[in-house]
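Take this structure, written in structure tokens, and hold onto it; I'll ask about it next.
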């Protein structure tokens, strides 16, 4: 358990200073660094906010050498930073290397330890090399699963779905029939891919179901949070663009096409047939109406509800959504309403005075 | 795979024109109709917005005969529409017949292909005729399941619950004890029926649990979306009225009685003991407070929060909810606040001028 | 089935009056009390609102003796209340004793009836005494489960997690690796504990994952509602404080520390690294921004979004949140905006008149 500073520096291809035999066991933040810990600093100015050894925050500007940490710990620092008092790894991108180190120090956090196939496999299931399927996972007929993919316990993959290589499918996920999942996709527990879109029409006051015979495409490098649901399209495909990351308890309706590299925070939703550009950012509990087109690099603050077409690079807030500077002005005006009413009262009173006079 | 136009016309009991041997394989929209596709038109005016063969939208009013689509496709059209250039099916309700055709062309989308019973069945489980229970579904004691019902993998049905005929229960659903599910009910993956209502009382600053010993009744023809939760009542029954359709990630609290034929869009919620009339329509991310009574045919726009009694046929919006026309007026006034502040400033300035003068 | 009034009075250690041989079978509310039912009254004034025998509400102040209920039912009443016409149990805290009676009369509502171990157990799993693990539950390696704990079907507990004594884990729950669950914890169906926090950083427009190697601590006496998700911390621990109760479909982000004895209603969320005092109360669909500190006994009305530090005992509402009295005033002012615009128009008109004159 653990790896020496020297070995880690070799694996990360970074130079180090300090005691190479230091054994590192875990990644951590600077505020809780302890024996075996590997932390990082992206900016030397961060040091000003470091806790003192006594745990009391100190607002004086300090140097790295001021910090007392365990001699059995290490810090990844910008390449130009100097310090003789600590074990250091030098990087042009300390955050990136800290993440890479985390994968080395915590291999078990993203993999099932147990490689056993007690799965319920249907007919004509195609498995790549080195596939893991845990107990009580159920794979229906005509499913294809790529190399190195891990399917955890309790997950159900229905007929004709395709899963790519190097995917990590956590427990109790449901993938409905004919879904297409790319490579390096992570689905957290309870995710539902490909449930029927919400489509009904009324005849004589009764709701009749509009069949949802389309599918879902989850492109490469997508990650989807716990209990999030992505509905299948009516005729065509609901698409989650490459590299997009969705948090927990999100709803993506039928026929949505989400652009690449988007980030959607928890409990947000996108209604049916809306299409977004790349790099959409949605704050928590936000939403987008149906049948809209959003440009690329659109940002929604938390709890925003977008109800109309939004152009590239717009930042919007509120319900209904307004450009951020407008929303802020509106909030300020609302906060001033009380004084406004008083000013009007004053005007009216003085006018009455005049009329008397 | 596929069915001829002539055979389909027989099964739908519709007249057709064109080449009866055309093989139809799937339903689709007009904008993506291709070989084997069956689309529909509800209104001849829709044709004005059809894509041209080159895929470029054309705003000129066009006739059906102007459209070039694959000769191996067909369209369901209103009975009075004439065209010699396409395969047509004539209907008084093209949308309805298109949905019926979808069930014929896509039987696999609503049924498990695999009829296997590897289930974990408890004691005294009563199964109707032609029941499907997939692998790793678990049925506890004293459960009853009606004819033709399909229980998918990973679903758990706890003690004493009753499921009707022709139900479709998708994977990883949980039905708690003593729940009652009607006929032709569809539960999407991850649905939870009958979890304890959220009831606590405090003694000495500690939260004590109020036992939730009531049940849940899901009436006939209800459909419930992925990861939606319906809590059991404290003493009596939480009721989801016949024919109501709920989208994904919805919360229905204990003792709610939801009227028949309602439609609730995703991520909405109804708090405890609220009772609604029939044909409630809730937009996405909307909510209703606890202990309210709503009339029938009440409509909530997206993100509305209803905080008071609402009468028949009301359309409400906003938080707290207001009648739609009031909410729209308020939004317009809020958008004019900036000019309002300027007008007041002007009034004040001119009054100062007067006072000087 | 059922217990006599006399036996129940012994088990609850309460005095009774009436016919001790009355058989009680279930708890119920006064409005639906029937044969075998046990109800309660906390305040004699409640009687004014009791239904008459005909089911018609009657606003006259009435005495308990006015009520006609089945002679085979009973009511728990405050100790000072007198009545000869009913079977009564006398208590200083009728609600509390009614809840205790519910546990006696409805043992099956909180326990799996079937004590069978057909579980999928990994290596080095430590089970306490009297543990129940239902079929198709999967326990990975190095998990520890305390005495009397019930793990229902379809639940998956990943490597190295620890579950305390007397826990009730409903079906289809997922507990990710290295999670720590205290004693007397209830997890409702579909709960996900310990999914990765939502952490990404961008390089060249691509979202790179920040490993989430921390854990989750669920302290004693916590109850978590259906399909709620609690994310694991980045480095340290996400904490749900002792005695806190969470409703359905709630999102608790990574590194949140929720204080003890809190109550959070459905569909609410707390964003990353926010720390709250004890006795937080959150109304439905409310939220708290990331990286905030909230005092103790803070209350959020439904749909509130807290965006800034909030002190002890504050009651807040709206989005962004304001103190309740401010929010109410703002709502009243918004409702008066229409008249405000008219008053300004009048002022302007009369000023024009003056200028003319």
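First chain written, first letter: the chains are A, B and C, and each begins at residue 1.
As a convention for this text, a contact is a pair of C-beta atoms (placed from the backbone, for glycine too) under 8 Å apart; a residue touches a chain by one contact, two chains touch by 3 or more.
Please read these numbers as outputs of a predicted model, since none were measured by experiment.
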item: Same-site or different-site touching of chain B by its copy chain C, using the half cut; value: different
item: Rotational angle, Cα trace of chain A fitted to chain C, multiple of 5°; value: 120
item: Inter-chain centre distance, chain B versus chain C - centres from mean C-alpha coordinates, in Å; value: 27
item: Shared-contact residues (touching 2 or more other chains) in chain A; value: 136, 154, 172, 190, 227, 249, 267, 285, 319, 334, 337, 340, 344, 347, 351, 354
item: Parts of chain B lying in touch with chain C, wherever the complex brings them together; value: 120, 122-123, 136, 138, 140-141, 154-156, 158-159, 172, 174, 176-177, 190, 192, 195-196, 198, 200-203, 205-213, 227, 229, 231, 234-236, 249, 251, 253, 267, 269, 271, 285, 287, 289, 305, 307, 319-320, 329-330, 333-334, 336-337, 340, 343-344, 347, 350-351, 354
item: Chain A-touching residues of chain B, taken from the complex the two chains share; value: 26-29, 32, 93, 95-96, 99, 102-103, 105-106, 108-110, 112-114, 118, 134-136, 152-154, 170-172, 186, 188-190, 223, 225-227, 243-245, 247-249, 261, 263, 265-267, 279, 284-285, 302-303, 319, 331, 334-335, 337-338, 340-341, 344, 347-348, 351, 354
